[in-house]
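To keep things clear, I will list the structure first and then write my remarks on it.
Order of writing sets the chain letters: A, B, C and D. Residues in each chain are counted from 1.
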Amino acid sequence: MTLTNAVPTMARWDEDRFRRIRRGVLANWPTGAEVDLDEAAAYHRAMAVTKNTAWKLRQARTEGKTLVQPRAGVADIEQHIALLRRLRDAGADLLPTTVDSYTRECRYDDAERGLAQSRQAGRSLLNGFPAVNYGVGACRRIAEAVDAPLFARTAAPDCRLTHEIMYAGGYTSCTAGAIVFSLGYAKDYPLARAIESWQYSYRMMGAYHERGVTLSVEHYLPISTLVPQSISMACVILDSLIAAAQGVRDISLGIGQQCHLAQDAAALRAYPALGRHYLDAFGFNDVELSTVMSQWMGGFPSDEGQAFGVICMAAMAGYLGGVTYMISKSPHEAAGVPTTEANVHGLTASKMVLRMLADQKLAPITEIADEQAILEAETRAIVDRALELGDGDAAIGAIRAIEAGVIDVPFSPHRSNANQALPARDWRGAVRLAQFGGVPIPKEIREHHEAELAKRNAGRQPRAPWELLLADVNAISDGMLLPD
Amino acid sequence: MTLTNAVPTMARWDEDRFRRIRRGVLANWPTGAEVDLDEAAAYHRAMAVTKNTAWKLRQARTEGKTLVQPRAGVADIEQHIALLRRLRDAGADLLPTTVDSYTRECRYDDAERGLAQSRQAGRSLLNGFPAVNYGVGACRRIAEAVDAPLFARTAAPDCRLTHEIMYAGGYTSCTAGAIVFSLGYAKDYPLARAIESWQYSYRMMGAYHERGVTLSVEHYLPISTLVPQSISMACVILDSLIAAAQGVRDISLGIGQQCHLAQDAAALRAYPALGRHYLDAFGFNDVELSTVMSQWMGGFPSDEGQAFGVICMAAMAGYLGGVTYMISKSPHEAAGVPTTEANVHGLTASKMVLRMLADQKLAPITEIADEQAILEAETRAIVDRALELGDGDAAIGAIRAIEAGVIDVPFSPHRSNANQALPARDWRGAVRLAQFGGVPIPKEIREHHEAELAKRNAGRQPRAPWELLLADVNAISDGMLLPD
Amino acid sequence: MSSKGTLVLGVIGADIHNIGITILASALRASGFNVVSLGILVSQEEFVKAAIETAADAILVSSLCGHGELDCPGLREKCTEAGIGNILLYVGGNVVVGKQDWEPVAGKFAAMGYDRAYPPGATPQRVIEDLTADLSARVEARA
Amino acid sequence: MSSKGTLVLGVIGADIHNIGITILASALRASGFNVVSLGILVSQEEFVKAAIETAADAILVSSLCGHGELDCPGLREKCTEAGIGNILLYVGGNVVVGKQDWEPVAGKFAAMGYDRAYPPGATPQRVIEDLTADLSARVEARA
């Protein structure tokens, strides 16, 4: 799996390079031999269009509907199929297959061991479905067992073989992003290598597109607990440029819910125009854009009622933000992988709120406009600075921006992350920056952050930003938005 | 229990009349002998003020907080106490004691039988706590076992003995209303008698007040599935006038959630000024007013996730309406009396949403103002007409208004109810009237109802109002606001 | 018989939940039954009396409030005493207190002599189908 | 000893959940421990190596992703082989897949040789109290 450590540009790979590296990728586990791109593209073309994510998302956008996708993945394929069918019956519009942690880290031998031990124990010891170990045929069995688009939910700096297997297996979308997954999931995986690994995956999707099959990606920064939405959005936009350059033609721009209705909705409302702006600037006018929100990605309350409160607030924010689809959580979130029933209830609660609100055709709440203007200005400032640093190249720019702390993700485990920016919630629970580090937030907005944070701290014992942040991190799981 | 059938006026009873009737009331079941009003008032005065509902509501109003009260009642007192303690630990601000159906109907011998059979079966065969059979001492045991205000949740045309026992037993509030409970809970109990029976209860609370103890009432029309909020509100205001006239000094004005955010919030926002207007007009300036919302009182979805969706929407509406307190439902609502855990989860979900929203200090959504103007005009039209019919007397006016169909409650089981008004949801799910019957809705608003309903029906097969109503009644339990 | 049959419908005991029977009555009427609705707070005696007076084919007992185990036993016996022991008896609503497994509950009501018992949220369609089947089975049996 | 003790902390296996240990590390430091944080994706070998190099008093293994049953067995044995068999071993996070009763799970990790195992959502306070107690008990035992 030869990957250079040189700084990659965003330029589209030539066929040769893709083919050369591909041999190594597919050789990495026996099931790689099952993949034949032409045959797989034909398989997709023969599939009902209703099973294609891009088609389904386009339909939802046209009808102004919000779709819901839960997370789900277990070690045993029969149980996994049963789980997906139950979720589909309960109203899931898009069906997930969450891949286990070993597979994410390309540790297929460990996944094999986990699979064997799971079979022995009669329950899943793996936290997801080890798709690579199962191979293409097994994935197609899943695809043929359900009547909705399938989503490969895996995330790491290198998901190439998983993508090969699952896309050939009839999946039509995946969670994605070189930058977002490096900053969210990696410690010392070099950024340059991560970008190349993702360029491979994107090029592969491009190859499908050239064969008449549109595959979709969902970009979002998974470590979103208190990361300002603009920082997430900037990463997502850069990843989207990198993806589009390789030929990806259907992208969902994602955020994680932060439980502040106006700010969450504002991010979702800002996304389409922002995304369009940058993609068009690079000439990617034919890339279709959707928006997606993951329900609260921080520590969940262990009380199941409170968990439903968070879930229903997410649905509310998604509705106000006109989101295309939403990834639902369950009342078991704090405890562990949910039972089927708990998973279903997270889904049905979300859909109930979405449906009831959709009928009411509410105007956006007044607070959204202000937050949207702020997020737009911030995101543009970060992306523009990154592109400037990269001399107009999104890949180079992203790496330099991270190294310069222009992109700085609080809590990122990645060694390249600056860790100088510190967020905090303001007096109304909106996420602001208490320390800006190298993040180029425009001056007036900086002052706004400071003023809103000052209102929160007014009349209280002064607290160190770090201390405040700790309290804020635990607040939702303790049952509130702002800690007392 | 001598009650006349003559039309009662709202005039305050003289001591003599109260004392005379009281003997009969207390003689109705042996535990009645335990009640001594002076001793009971002293008991209340010695109680911590934090256990007084009026005090707690005033505090909530001052702090702008929303309190939550679940429903709960089982046959066995030990289990009932354990249940209340658990709910209190989970954050219930006001503690309920839901009284069983036999007690509501004054069938204490049947309640006794239900109690005996419950003990035998080791589970509650009664749907509530038979407070009269237990008596004053038992109620005080409950009051002393918990540290929050206790609410007697009983409802019927005649709750006099239950009130005597529970108020003497340390309870400080009850669900109430001659008009609302006649129309919601009775078939052929004469309205005049119901008013007299409630005047007795109110006079009793007045007697406590004169002894330094403020007891509270919660007025709301329990049959609220699709009853326009203005009709509910008119009934509640008339009941409040009748109550205040006998000396009640703390009243909560209630609605049932109808799952339309703006309309529910508008009703709650309209209430304080409307209530103040009428109470002041009659000189009851010293009556304190709160607002209360019961979460959706129609058929609940049996899917527990969907049920949480409804519960969280209620919290959202309550927040937007600035409600003083809310009665929470549980995910078991459609199935039966909830387990303790299910009850707790309905409570914690509600509180989570309320807390998260409170921190965000949102401005009212734009749709509220229009709905509020409509509800105010409608409610005033109905109440004014009723008072006119009663020559300025709320009791006489209420009876005549019901008989004239000026007050007309869809689905009411009461034989005096006209059943000519038919509601329906409009294109955005707001509840309108499709047939007005004798309800004096002002002309422009009438036209507004018609126009909004026409938008819903535009381009569809014409349906009879009754047919539409049936579909609307089942919609929420089927998982949506507007049926397809 | 011009109608599909005469049904006596009511809410038993101290129970006041009348929305379900309102919906049910209108659906049953629309599908051709002759429905005699007694409303809420109906005693067993009133059910029997109405069934005799109207020569009803079935009694439909609604019990939502949870007191079904207290209010429903004995109705079959009262019917028998009154000479209508074979009348079709249905019960539905939320017939017991709390969320319980349905099978044992159904068994209890069968043992009380109810021909059919319905779990919470039974749809009018299902009731109509069952009534149609049960009543025509009886007509055939008599023929 | 100027600090309350030296702790090696990390997220084991293929697990990348680092927010918990970030919080935990900062709380432990604030309360006087010397914390060596290895971050995410830490192998058993790395834990042992770091413990030896820093002469650590305890190893705190975080496992959120659910693979605790696969990733955690054998660490005690590796410690023993490396000559630090008596080191205090804690494990916490969401150590198994799914919402499970805690008692049996705790038993499993005790059997693997962990001195303490924590259910989901353990607070730093509790960890600090336990560490303080366990480490001072050891000091006393040695004294």
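Rule of thumb we're sticking to: a residue touches a chain if its C-beta (ideal position, glycine included) is under 8 Å from a C-beta of that chain, and two chains touch if they have at least 3 such contacts.
Fair warning: this is a prediction, and the values are worked out from it, not measured in the lab.
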Query: Tell me, which chains sit next to both chain A and chain D?
result: none
Message: Taking contact as defined at the start, I'd like the list of chains shared as neighbours by chain B and chain C.
response: none
Geometric centre distance via CA averages, chain B-chain A, whole Å: 46
Task: Using mean C-alpha positions as chain centres, tell me how far chain C is from chain D in Å, no decimals.
output: 64
Message: Nearest whole angstrom, what separates the Cα centre of chain A from the Cα centre of chain C?
response: 54
Message: If every chain is a node and each touching pair gets an edge, what shape is that graph: line, ring, star, complete or other?
response: line
Message: Can you work out from the touch definition every pair of chains that touches here?
response: A-B, A-D, B-C
Field: List of chain D residues in touch with chain A within their complex
entry: 13-16, 18-19, 22-23, 26-27, 39-41, 65-67, 69-70, 94, 96-100, 120-121
Statement: Listed in rising order, the residues of chain B that touch chain C in the complex are 100-102, 104-105, 107, 110, 113-114, 117, 123-127, 184-187, 223, 225, 298-299, 302, 332, 334-339, 342, 411, 413, 466, 470, 473-474, 477
- line: The residues of chain B that touch chain A in their complex are 90, 259-262, 301, 303-306, 308-313, 315-316, 344-353, 355-357, 359-363, 365-367, 427-429, 479-482
